[in-house]
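Just passing along the structure, written as structure tokens.
For clarity, chains are labelled A, B, C, D, E and F in written order, and residue numbers in each chain start from 1.
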Amino acid sequence: MTDMPLAQLPRTMLEPVIRRALDEDLGLAGDVTSTAVIPKGHASEVVACARQSGRIAGLDCAELACTLVDPAIRVTRHVDDGDPVVSGTVIATFEGPSRSLLIAERTALNFMGHLSGIASVTADLVRRVEGTRAAIACTRKTTPGLRALEKYAVRAGGGMNHRYSLSDAVLIKDNHIAIAGGVGPALTRAKQAVGHMVKIEIEVDTLEQLAKVLKIGADAVLLDNMDPATLSDAVSMIDGQAIAEASGGITPDSVRAVAEAGVDLISMGWITHSAPCLDIGLDFVGKQG
Amino acid sequence: MTDMPLAQLPRTMLEPVIRRALDEDLGLAGDVTSTAVIPKGHASEVVACARQSGRIAGLDCAELACTLVDPAIRVTRHVDDGDPVVSGTVIATFEGPSRSLLIAERTALNFMGHLSGIASVTADLVRRVEGTRAAIACTRKTTPGLRALEKYAVRAGGGMNHRYSLSDAVLIKDNHIAIAGGVGPALTRAKQAVGHMVKIEIEVDTLEQLAKVLKIGADAVLLDNMDPATLSDAVSMIDGQAIAEASGGITPDSVRAVAEAGVDLISMGWITHSAPCLDIGLDFVGKQG
Amino acid sequence: MTDMPLAQLPRTMLEPVIRRALDEDLGLAGDVTSTAVIPKGHASEVVACARQSGRIAGLDCAELACTLVDPAIRVTRHVDDGDPVVSGTVIATFEGPSRSLLIAERTALNFMGHLSGIASVTADLVRRVEGTRAAIACTRKTTPGLRALEKYAVRAGGGMNHRYSLSDAVLIKDNHIAIAGGVGPALTRAKQAVGHMVKIEIEVDTLEQLAKVLKIGADAVLLDNMDPATLSDAVSMIDGQAIAEASGGITPDSVRAVAEAGVDLISMGWITHSAPCLDIGLDFVGKQG
Amino acid sequence: MTDMPLAQLPRTMLEPVIRRALDEDLGLAGDVTSTAVIPKGHASEVVACARQSGRIAGLDCAELACTLVDPAIRVTRHVDDGDPVVSGTVIATFEGPSRSLLIAERTALNFMGHLSGIASVTADLVRRVEGTRAAIACTRKTTPGLRALEKYAVRAGGGMNHRYSLSDAVLIKDNHIAIAGGVGPALTRAKQAVGHMVKIEIEVDTLEQLAKVLKIGADAVLLDNMDPATLSDAVSMIDGQAIAEASGGITPDSVRAVAEAGVDLISMGWITHSAPCLDIGLDFVGKQG
Amino acid sequence: MTDMPLAQLPRTMLEPVIRRALDEDLGLAGDVTSTAVIPKGHASEVVACARQSGRIAGLDCAELACTLVDPAIRVTRHVDDGDPVVSGTVIATFEGPSRSLLIAERTALNFMGHLSGIASVTADLVRRVEGTRAAIACTRKTTPGLRALEKYAVRAGGGMNHRYSLSDAVLIKDNHIAIAGGVGPALTRAKQAVGHMVKIEIEVDTLEQLAKVLKIGADAVLLDNMDPATLSDAVSMIDGQAIAEASGGITPDSVRAVAEAGVDLISMGWITHSAPCLDIGLDFVGKQG
Amino acid sequence: MTDMPLAQLPRTMLEPVIRRALDEDLGLAGDVTSTAVIPKGHASEVVACARQSGRIAGLDCAELACTLVDPAIRVTRHVDDGDPVVSGTVIATFEGPSRSLLIAERTALNFMGHLSGIASVTADLVRRVEGTRAAIACTRKTTPGLRALEKYAVRAGGGMNHRYSLSDAVLIKDNHIAIAGGVGPALTRAKQAVGHMVKIEIEVDTLEQLAKVLKIGADAVLLDNMDPATLSDAVSMIDGQAIAEASGGITPDSVRAVAEAGVDLISMGWITHSAPCLDIGLDFVGKQG
């Protein structure tokens, strides 16, 4: 299935996040090392290189980190967000005052490494379920302060975004059900409460709960922690009446079996909260000009 | 060796970070699910439970996420930041209005899971080097916007913090050396430039570079990507004239050998940028009162 | 039809908006009049009274404006957000230091008047369409900086919220259609691009366009600027295959006829961007205590 | 009488307000519709057109909304803030990437519509009192967060600004008088308290109060809720000793009679808090170039 | 002459300024010294003592610095803002956790010292002109970011505030006159441009300029850099038709002569931008309880 | 001894501080005077001139204040930060729209005057200790909100920065010692608590305390309020085992004697908190072009 084409987030969404990261790294005195060691007028050309295979995300962040430090830095991209790289791929070239490049370096790499890490694990999962109807999705289990960027990185990896926030849709989970007194009352109350424009999804742990849900009706069902066989039965029961989403404890090793059970969506918190950084380094190419 | 006792970060440092995370999660309408499903006056008691072994960090963040959403939430801690937990350990109890608890839940867990993940990998590394003189340290390779919290999580895991920002100390790395024209000129320029209160550390890749550094003098030497045998030679050469720090590609499997080479400090970027989340869940205990 | 129960927005969503409003009103010297005229220890009891009929929204904002100025102010509510009032209804009582009450007064009233104005016109429209299947909805035509609060006020008036932001759903409008080269290409591209969890709505001006849309399929159709007879034909054509939304130039006088054409949703930008303030005043009741 | 020439507010005053409005509208994913429907490299030319008669304000805001989204958007103005328009007048042309134009569109129009609405009702009132000595003024009854912009819009409509904030001048109102124990004590206390550089205005409801005020002296008198005949008597009594300001329940229909009573200033809260939006639309002109 | 009674600035005006100051001082790790040296549960009582004579301002800031760090700190004031102190006067007592007190100490003292320094030089000048009609005023020459607080400190010292910002009033200075082509054109243009509610002040360097100004009329005249004899002639010429303000190079030694020339207002930039800090220290009294 | 070469702080560190200062000065209406008096298209050339001798700091701030108000302003520098000036030295030329120049003027001068004042007193002290081994340093006694800029100004004057924040290093002061129960326990606890990368400094009042400190060992000793003879004895006792810092009551008159006692560092709070502004004015040169 096809996902949404990858669009850059407008600069106005990125700028405050990047300014905060630069603030953290500059402290109160700025870069004491470069000031001491690098001659004032010195200019350089550096390249960002992948040190392992993966999928790139965060080029806009890296470029903005550089130009917020010094508008004189010029960035040339050799790949785009969403593109695959292998170890050694030159991602982008940065030219400008050496001191400014050294100030921006760590912040630019921290963004690119973090977001490319997420894009890379997502792309790997998307590849693993190729040929099935299942899309790979992230959750609200994101790193505090980076949700918009991490959701973007998932899209860059070919994944799909679930709810962005608590505002987006009704998602009735185990604790809601417990408080409401069961799947039935929870779902009925939600359907009475919200209008026809709000989607309702409900989490079920068993096929018995699923049967109750299907009798009342819901837009989507989150099939929580089911094994592939049970998932397959669930998909049969649902039979197109709702979107079937699998979640809970799914790993790269198990994702194919889950997808082959016929679900529409496989969501995993770990692709945002636990994806390791993609290893990207900045190499000094030579004195500019 | 003993590390700094773990001190809470003052609330004024945590508040803006947590408010941003809540903003992200609340969107423009707040929690549409709880509004629809949970009766207005309903109160609950929920517990945060570890679902795997590790080291806890982020309790202040979790508590503040709750009380910023609703000051009526009361939090009782059963462990402190820095304490070890096993799967099943009850970390804290949260009592208050059910809607408010469900609003704060994800943000509280996102902080606790992320920071406990960092504390846990740090604690594991500290345990692995027990009995050697080596301390475990993090770097500036942190998740954008979370540096103060991630550095704190490293301390909660028994680790030590290196530079907080570019302001803190001189750290002359490969690119600085390349631009300055070698280890000698770089170090000499730094020593001339900064006063006696600023520490100078320099990265070396070979024992030849190390010899040059030791002739000029530096407070600390970062021994980059050396195997344990070379590290051991380097430590002998340094012979207490500078702090010996090992860095570059060190993993849980190799850390013991690195430590036994006699270095003072082992720094790893991945303990902040790639530590997986510690799995912590919130369980509904019952209607309050 | 029933709408979502009205939930308070968490304090963390309101606080920055109210702080900005207080900043505007305090200038650099604070309240020079009260300082000059009101004795320092003087305390008062004031009541907020409706000076015309309507629906109340914004009590949390008013209360927070007071307590941010001075935590010593105590607020007692006599009605809740969403309640109807007539001229003379006492909405809330505010007790505390007179200087503080006079500082907070205008900001509290500006919020309550603005939001109650929106709730009131919404409630009037909801009453006018009573007995039909149509819900009253607002749009993204909101006052800059106040979207979450204005959407909330619409809910307080018994209305329903459409998209909160450009992130929420696909809404293909006339300019998109023009650029994409017609309803067909625009809709097809959207369906290919987005996954099954994203709703797609498309604007149509004519029944011919509607026919094309229905052949391709969409979750909702925005019937733009159609007269009741055409709307009725459109509803027949749609026949439950999509949500039917009427929009464009609808007024209190015409809203009943539009609703009786059978649409599901009637959206109007003016209920947020042009609703007049509800007239609410603060009356001094007497010296406190 | 002549008002202050209309000056643009410096960009530094507008930027935070516009960034907040863009944030609201972009959500966490940006514009999902344009991403899905509009080809990446597509460029357009769109024009902002008045759909009704009025007075324009907010062109700087609209332009800044566009260029903050994408610096590649070029704006050409065909009228200036403060200029009259009729239905069909082309206000400005916007050229640039189609996706960026569609992202900025709603925010740009929300600002222009809101501010032009205020400028338009102000200009209408100014025209109605032409030939009298009365100026039209706004109050502190503004929309929270937009005071500087709304005051500017009043100036664009030919009106005059009263107090900007509580810091600006002493304005003794009914509640102050009640607490202070009458017009006399309130005014005396104010005159003793403030130096010669602070203007003092006091609200009076009756000619008896006015007489007391004039005996003590004040820079301006706010004649509250008086009919034209009483206003005329008040103006005679004041006889140039103070600025005479009429306020309270004044409408477009009554404003001429109030002005002809000879007052210097007519202030109305509704021109900022209840002015309907001016209807302005963006029309797609064609593919750029 | 009597000045405005001193009113506390509302907490909402102080909080952002104090949070920024705490942020600066806490860095990314908080207080490493207290963490290392002070036992966790230790509580203390400390007193703020004047180490020289002066006038106090900034107690609210000091208290808020403490309670933002730790709400458990209790503050008891022994003097109020605006009160005189001598060396040894105990200003306030702070009780609470020792670590928190040591974290807040420097920020609290930095505010109190800076603002009391301004209040003290102001009070000294006010005393020097006692018995004359002259009030002491500050200007817009304030320390960036602290204008509201510095203006408040001037009031605490018995002084008066001139314009708070460029918005407040027309003040035509030498550069405006030069560009406008002389005192006449500048003043005439201002009078035509602004309404009757805006005060107009104009700077004059000579009695010739003053004569031109008086012919046209202005609310206030700034007599720039005139010696006492010329000032006296100027006051005679003005003869109550405008407020007479002296400015330019006035020192504690010359202020009395300037005041005796009969001016209404003496304004000095240095009382805000160059007042030395008042020396206040925090003394440890003993273990609490 | 040589200090760190003076490096500009990156723009991203300056921008928020300068925006806040402009906000303060613009109020809600912007510059009413220039709007009224200066013709719209008028352009000027103005020069910033020193009106007394000193050392310049803050040119980046002044330039940014101008370009944030209006990007059309062009700035040409005739001296750099850190350069000496005498009365009459032309520091920089500013060309652009006259209204914009007049709006930015005060903010630009407030920054330049404040920071140059600090640089100037620092440079004077540096000159006074020339030929000794002592460096001049500032403390954490800075003006709230301006620490990074004031520390930079000290560097511009040839001075050296001590701790930037509480995070930077351990500095055990009198209150810590009192609570810890003496120099011995305080220092021992600190040495046990912190790792080898954190510097420890301790304050001593007497040679007896110093002896205890030297027995335990510390990186630096702050010799508080000692006369030159005692300082000299202290330096002999320290004998290169720690950095010797003198502090407490040191003035321009006494600084030479302190330096000649042989200390490494002389720190004074007053060079940041009580340095008078350097007098710099803006002069109108002529109509541009």
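As a convention for this text, a residue touches a chain if its C-beta (ideal position, glycine included) is under 8 Å from a C-beta of that chain, and two chains touch if they have at least 3 such contacts.
Note that the coordinates shown come from a computational prediction; the quantities given were computed from them, not determined experimentally.
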item	value
Touching chain A and also chain D, the following chains	B, C, E, F
Chains touching both chain B and chain F	A, C, D, E
Furthest chain, CA centroid comparison against chain A	E
Proportion of interface numbers common to chain D and chain E (over half same, under half different)	same
Far-end chain from chain F, centres as C-alpha averages	C
Interchain centroid distance [CA atoms averaged], chain D/chain F, Å	44
Centre-to-centre distance between chain E and chain A (centres being mean Cα positions), rounded to whole Å	51
Gap in Å, rounded to a whole number, between the CA centres of chain D and chain C	22
Residues of chain A engaged with two or more neighbouring chains	4-5, 24, 26-32, 34-36, 103, 147-148, 164-165, 167-168, 193-194, 198
Of all residues in chain D, those that touch chain A in their complex	19, 22-23, 26-32, 34-36, 40, 68-70, 99-100, 103
Interface residues, chain B side, partner chain A - complex	17-18, 20-21, 24-38, 42, 44, 46, 98, 102-103, 105-107, 109-111, 113-114, 117, 140-148, 164-176, 178-180, 186, 189-190, 193-194, 198, 269-270, 273-274, 276-277, 282, 284, 287
Partner chain C, residues of chain F touching it in the complex	24, 27-28
Chain A-facing residues of chain F, complex	4-5, 7, 9-13, 147-148, 151-152, 161, 164-165
Chain F residues touching chain B - in the complex, by the definition given at the top	1-5, 135, 137, 160, 162, 164, 167-168, 192-199, 220, 243, 264-265
